[in-house]
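When the chains are written out, they are named A, B, C, D and E in that same order, and each has its own residue count from 1.
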Amino acid sequence: MSPYWILVVILLPMITGALLPILDFKEEEDRGKRQLFVAIPVILNTILVYALILHKPVGDLTLVHLTKDLSISFRMDGLSAVFAGLVAGLWPLSTCYAFEYIRHEGKENKFFAFYTMTYGVTLGIALSANVVTMYLFYELLTLVTVPLVMHAMDKRSIRAGLKYLAYSIGGAAIAFTGVMILMNSGDPSMTFYYGGSVTESAYLANPTLVQVGYLLCFFGFGVKAAIFPFHEWLPAVSVAPTPVTALLHAVAVVKAGAFAILRITFYSFGPGILLGTPAQGIAMAFAMITIVFGSVMALKEQHFKRRLAYSTVSNLSYIIFGATLMTPYGFLGALCHMLFHGIMKITLFFCAGSVLVQTGREYVHELEGLGKKMKLTFFAFTVGSLALVGLPLLCGFISKWKLGTAAASAGTTFAFVGILALLISAVLTCGYTMPIVIRAYLPREGFDESQNETAKDPGLYMTVPVLILCAAMLYFGMHSGPICDALFAVAAGLI
Amino acid sequence: MNAGFLFVLPVIIPVIAGLLVYFRPEYREEAKRVAFVRIMLCVTAAFVFLIDLLPEAGLHLFSLTPELPVLFQSDGMAKIFITLVAVMWLASGFFSFEYMKHEENHQRYYLFFLCSFGVLVGLGLSANYLTMYMFYELMTLLTMPLVLHSGKKEAVQAAFKYLFYSVFGALMGLLGFFFIYNYGTTITFTAGGVLDMAKVAGHENKLLAVVFLVVLGFGTKAGMFPLHAWLPTAHPVAPAPASAVLSGVITKAGILGVVRVIYYLIGPDFIRGTWVQYAWLGLALATVFMGSMMAYKEKVLKKRLAYSTVSQVSYVMFGLAVLNQAAFIGAILHVVFHSFIKDVLFLAAGAIIYKTGRTNVTELKGIGKEMPIVMWCFALASLGLVGIPPLAGFVSKWYLAVGSLESGVPFFNWFGPVILLASALLTAGYLLTIVIDAFFPGSDFPMDTLTKKEPSYYMTVPLIALTFFIVWLGLFPGGLYSMIESFAASVF
Amino acid sequence: MELVQNFPLLSIIIMTSCGAICTLLKGKAAKWYCLVCLAATLALNLFAFFYTLQNGAYVYYMGRWSAPWGNEIKVGVIEALLASAFAFVMILSVLGGLEHILEDVESTKVNLYFVMIAFLMLTLLILVYTNDIFTAYVFVEINTIASCALVMMRYKPGKTLVATTKYMIMSLLGSSLFLFAVCILYNITGHLLMEPMGQEVRRLYAEGQYLFPLTVAIAFMGVGLSIKGALFPFHTWLPDAHGSATTTSSAVLSGLVLKGYIFLLIKIYCRVIGLDVLAGDHMPDVLFLFGAAAMVIGSVRAMQQTDLKRLLAYSSISQVGYIFVGLGLGTEAGIAAAIVQILAHAVTKPMLFCAAGGFMNVSGGSRKLQDMTGAGRRDPLSGAAFLVGVFSMIGIPLFAGFTTKLTLTQAALGHGSVKCVLALIVIIVSTVLNALYYIPTVSTLFSARNDLTPYRNRYAHYHVPYVAAMVLFMIVNICVGTLAGPLLEAIYAGLPSLGM
Amino acid sequence: MDQLFVNYVQAAAVIIYGIGFFTLFFNPNMIKKIIGFDMMDSGIFLFLTAQGFLYGGHDPIVDPELVGAQNYINPLPTGLVLTGIVVGVSVSAFMLALTVRLYYRYHTLNLDEIIRLARKEED
Amino acid sequence: MNSQENKHKLQLFVDWVNGDNMPEEEYSLGEPVFEEEKAAKEPGASPWNRFHAWVEANGRASVKKVYPVICVLLCLSFLSLLLVLVAHLPSFGELANPGFNEVQQVYIENVVEDTGAVNAVSGIILNYRGYDTLNEAHVLFVAVAAVTVLLRIDRHKGTSMDVVYEKEESDQRYEPHHDPILRKTTKILVPFILLFGLYIMMNGHLSPGGGFSGGAIAGAGLILFLMAFGFKKIERFFGEKVYQIVRVGALLIYTVLMTYFILMGANQLANGIPLGEPGALFSAGIILPINLVVGLEVACTMYGLFAFFRKGGL
């Protein structure tokens, strides 16, 4: 297929998003029309993305030349195929979920406008061919997601939105400085080559500057990937409606941060240069701290969605830990976890959303005995948590397995400590997910059934995506052969 | 037509049975349910015994990723373990038909009881690290509700504690899995170890640290010292048959894990004479002694038995840690004997609680008169545990002592047996006192006022059967010994 | 001497005559005549720009006599580019704020308003082109009077008069310091034209003669023009002046007038004094520190404002800080970054002010942000323009602000010393602060609670000039953002003529 | 320091400039400020003309007999002063007009008072 | 105290070994402590608020006390800086000063044959650096425009510029009361003043003076006439319309002349304006007409400024 399709894939959702407020569907009456108007482009776009992934267009598509070297250009290479595939796969499901969820939130037009636009922007990040394009879509992502976070427009969500905005813009600014250092050392057009565009001579000329540049990029993009010092915005943002939290903060926004770090590490600065340098040490240390810190905070958190948000903070640092190993196997582990964590976490958030919609309960200790009443939701939640803990038959184990072996083969003591961090976090994950499952299914002695009289499973729109995701988890857990080979080809830079 | 496909049946049947019991409405009333469970238990046990008889075979079920297949095989160790599991589940199953009368939500109990049966058989039969780890995790998740069964506050807290300790232990195992996959040639269990010395060259001490952590990880299940705290809280709160199975068999899963990793993956000579071996020995002995001390001090009967499990299972760990054939055989023998004895003790305790509701040791004066059969089995089992010659306990302790003395480990070869003896005395201290109080309560006790409260035959038959085994194995250990010795030789 | 080379002078003469003629005409006629003259100036300067792009800079004698005797203007690539940019932005600002001019200024004095606009344009042209520092002084004075007049032309004076007085006093102080510096320089070098004076200064510096007067002259020049260019410590007059003036005046003042003075400072520092002599006196470090302080404190103060125009005024102070940081780096790349920021800010800030004007129309003439909630929905065109302005301020790629950030960071990195680290930190902090006060403003402007405000049904009815101005503003902003390549090449080509 | 006595005219000019500067800053009255500005201007013009002076120099009306630039004073500074004076006049006129308008509105010439009244009026 | 601590630690260790101590309430059923709902921080007390309170209370008073001191110190330091500067300047009146370089030489030696003017200063400001003086006129023009904006009251147009104006309106139209002495003297003096002003303008290129000084004198004459005979009389020959035309016309003529001169000069073309022989009245090329035009311009400006301040109109 010709590379122009990439442009179509990015612009189609953005145009649909832009058109929505103009068409101005009424809130209640033509909800059906609006759903059609949103569903068709999203599904079409997903098909297009997968078509693009299957037969990759050759060469880059340059839209406009900013300066002599900097240009806005797109390309579909291995890594972008993985991220685009993940996003394209999960977006229709979550839009379907959102159709019903938003009914009780209101202001649907504005919601779906920004929601679909985010789809295009995330694909923009995935398919960009150089750092400047990625940076452009990275900033747009912040601006497009802030209204989504502020959707409820009450005091709490506005404050959360502003906190999110401050962190993101700050992070982008820090990353920008790092990108500039990258621009100076090595190929100024900063297009992505597997193995990095920083030349050996540029590195030897001023090694500390390049390392500082890498760390700036790492922490700049790390803000979106919720690395330790900059993670506060993620739990605060859980006040947003669930499809927003589920999709954005389990899949699109945070994964964009992780994806950017992967791009920077393997395609801009290049692992060859950074391996064994103090920069790698610092980056890995912070990743490890976040892994443990995220899980500890999740354990302490009583609010359901904030607990899942903290769990995302910790799981994201699995990906970044994989990236900072700077070996093809580490990259493979990171990619696996990016894919599987996306699926797992979005299921958990959907279940949290269903509980919120059906019973309006937000705290963990209020979920007593719901297991019997909301059978499907909690079945999905159990499967999701078991996967998250790393039970072998489910996909969580595969990504932990890849990360673990990668760290073991990396051989440095840092990597060894990294594995310990991974395992401690796994125990803590069990600590904050299992009590919910146990509490739901095995209520305690003095529990009276009357509380959950009204609770029942939500409508079809919400349960079907959740079940599809469970099936996906099981399928990838049992039969992850082909996926892992494809990902290894990407990690080794073959496609 | 190799016996391979047979392996799947004993694993799948109980799980399906459990689900049926839980979901099918007709199993709500008592009679239908008991009948169905009884049949299922017998069928599974039959398959297990069939696998025992057939020659060694393997089965490749499916593979998660190309390098992670799910394999089953029935080698010597596996055969012993699954037979033990089958016998214990039969005994506890029959016992629980009666015992559950005064508990509620039976269906849930049987669901987890049967599922864990299948999972444990799977664990025994697993042929590589991945399958073992998978079933190990499933076992934790499925046995935890058994601990949680009563729903009381301390039961729930104990269950959580059990869950976290076990998951932590399992994940230490996973840590070992990463390194073995990395430094070993294959992850399938092959006697004598799979380490590829070329790759290991530079990283000895790191690998030793990993091995030590793995031992600690699986050690949690076996209640070894640093991570033993969950065992004394979890076992007593579970219903009696569940705690019997928990103490008797599930702790042995930890032992199986250690055996598989040390003897079938790392290889004993890699850690012979290193600090790992000494640390392991030290911890085992500490647990042995500490367990007995605590048991001696404990007043509640089930807690006392739980402490005794802690110390007895550490006998086995000590035997494995000595790393020579005799001690290994002694350890495996002790695994079998301890399961039988501890099962009897817990079932007896369960019967006492079921019939008289008395849990404290001091209240058991004169119980011998009220429940003669139960107490006779209790007495015989206690004697076996102490290690009096004709009964089973003596044989394993004998080989343990001999193995450790021959082993040539600098300090521990003499210090070990001394601790074992001291602990045996303490065991006598905390068990035989109960037996004496039960039968000879002393002159002032109104023996005649007691009425006979013998439990129904559902309870007494398993007790008697198990006690018979204890006595029979104590007298004729030869068959069992030769069976263990055959695969023990291949390992060393 | 081809015909094209006369074009800059012709544009100057047109503007002078336009000033004179407008006093006779009535309001409406004066408006059209002024716009025609501005268009002519734009065209002529564009021709001059393309000519200098091919054939390089040239010197044009204002009168028969060559350098040290007669007066002259130097037409380089950067000068022509800035002149045409200023003319273009002036036209757009006048068109953008036309309704407000007719509304705010008394009907009989509208023609005088356009006289002031004409003279302001004249002074900007000369400040950009002149090669003689005394002519520069004269035009600095005309500029002061014209800009003060523009500020005070409000129907209901009161606040604007006080603001004009404060502005006037500070500006006069600045220009008297500037005159003093000119006298000192003339005293020690004997020349008034920049090239010969530059050689003299270098000779003096080499021989080590009159070093102290030279430093004092540099200091007075710097302080004088910083006062007029509203650098941080001397910025107190700017918020009142720009906050209370009509839309076009505040747009023109913050967008162009500040830049005129700063470009004059750059020219004098580069041509007359030379960067190496300057470095010796540590003047760039002082400017750098004040620029950095301006960037941060300007934004912090802007966060506390509730009045939209004062908020934009404070943000101008921080943007001016960017220019002085560029200048303070003291390298060629730094100067280029400063010029790019001059252009980018000249294109962005007037658009924001005109959009603010549009919002005021739609919110019953009040400047308070509370009254403007939902104004973006009621007046979508100004809303879109404001959004583009905000994107450019934050530095999103494809918009003008990004080019500045790009070049300034490159310049800072090229420098590679403690100043570089400080510059990077300040840029990051300033970007975050910018976002912190622009995005909430945008969120209040576009907030859905539009129905709560008393002006909910007051929708904008657009006039042709306003629409044209806004659309052209947006296009230019995006062009500067995307066509950064050729722009930077032109600037680097023009730098040698600036005296580097 | 002796150079100060040699350049006594420039010293005087600079002192006038200083005094003008002081009056501008010191008293809040508008008229005094304008007077301060004028003093500063005159100080600078004196400073400028002093530069063009030459001992024994003839006034710059070129008469044919007296040939040679060395016996004429430098005409350029005087030309500049002419321009400066005109600028001074126009600026003072504008400032005075402003003061008149301020007086009509606030009935005071004290700038601090005016600012206070304006701020009170504003909110 | 630490013995008590040790006992506590020992107890903890024993509990741990003992293994049967219950983990403290893991999931507190207490009221959820959710950051956002925590009680909002109560105002005051924080140092920042106290500082603000102090500023509001006595901010203005303290500034008033401190300001003069700072002002004096600032000006003294500035003055001393200037004096040190003067000490380093080239000495006064020496031929070796940088000012006396080839620029001054050309201005003196070839001013006659270049510009035709005998007075070198006029030559410089009107020919060599002619463009500066063109803009001088414009400065005046802008100043008058600005003052018109401020002070002109268009009563008949009904613009209520400032309600304040209405009260003192009567004073504006107050015509000077009939004062015979003043009228007689002005009748005698005004013609001579205007004539002398014209003379100064005409002889700008021969003797000191020129457009600016001549214009000022003529302006003064007009103002004297106005003071004596009032607005009614002067409007007969010098009303608003005439004033505007003269002012703008003079400026435009000046601009056209200067443009022609510059264009010809820049493109090295002969500009065909005869220089005449030096010393004669009609010599020095464009300097004479420029002086006249500038004189007119300055006269109008002077008169205009006075009229606006006096009556807010002409």
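Assume a residue touches a chain if its C-beta (ideal position, glycine included) is under 8 Å from a C-beta of that chain, and two chains touch if they have at least 3 such contacts.
Source: prediction; values computed, not measured.
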Q: Name the most central chain, where centre means the mean of Cα atoms.
A: A
Q: Looking only at C-beta pairs in contact, point me to the busier pair out of A-C and D-E.
A: D-E
Q. How far is the middle of chain B from the middle of chain E, if each middle is the mean of its Cα atoms, in Å?
A. 100
Q | Inter-chain centre distance, chain D versus chain E - centres from mean C-alpha coordinates, in Å | A | 12
(Q) I'd like the Å distance between the centres of chain C and chain D, where a centre is the mean of that chain's Cα atoms. (A) 28
Q | Distance between the centres, which are taken as Cα means, of chain B and chain A, whole angstrom | A | 43
Q | Numbers and ranges of chain D residues touching at least 2 other chains | A | 17, 51, 76-77, 83, 87, 90-91, 94, 98, 101, 105
Q: Return the residues of chain E touching two or more other chains; collapse runs of consecutive numbers into ranges.
A: 26, 85, 88-89, 97, 99-100, 103-104, 107, 129, 132, 136, 139, 142-143, 146, 150, 162
(Q) Quick check on chain C: which residues sit in contact with 2+ other chains? (A) 134, 138, 141, 145, 148-149, 152, 157, 186-187
Q | Of all residues in chain C, those that touch chain E in their complex | A | 1, 5-6, 9, 13, 16-17, 19-21, 23-24, 60-65, 68-71, 106-109, 112, 115-116, 119, 122, 126, 132, 134-135, 138-139, 141-142, 145-146, 148-149, 152-153, 157, 184, 186-191, 200, 210, 212-213, 216
Q. Can you name the residues of chain E that touch chain C in the complex?
A. 81, 84-85, 88-90, 97-104, 106-107, 114, 127-132, 134-136, 138-139, 141-143, 145-146, 148-150, 152, 154, 157, 159, 161-162, 244, 248, 251-252, 255, 259, 261-268, 271
Q | Parts of chain B lying in touch with chain A, wherever the complex brings them together | A | 62-66, 68, 108, 130, 133-134, 137-138, 141, 144-145, 148, 150-153, 156, 159-160, 163-164, 167-168, 171-172, 174-175, 177-179, 181-183, 202-203, 206
Q) Mind pulling up the chain A residues that touch chain B in the complex? A) 386, 389-393, 397-398, 400-401, 404-405, 407-409, 411, 413, 416, 419-420, 423, 426-427, 430-431, 434-435, 438, 442-445, 477-481, 484-485
Q: Going by the contact rule at the top, pick out the chain E residues touching chain D in the complex.
A: 68, 71-72, 74-75, 78-79, 82-83, 85-89, 91-95, 97, 99-100, 103-105, 107-109, 111-112, 118-121, 123-125, 129, 132-133, 136, 139-140, 142-144, 146-147, 150-151, 162, 164-165, 206-208, 210, 212, 305, 308-309
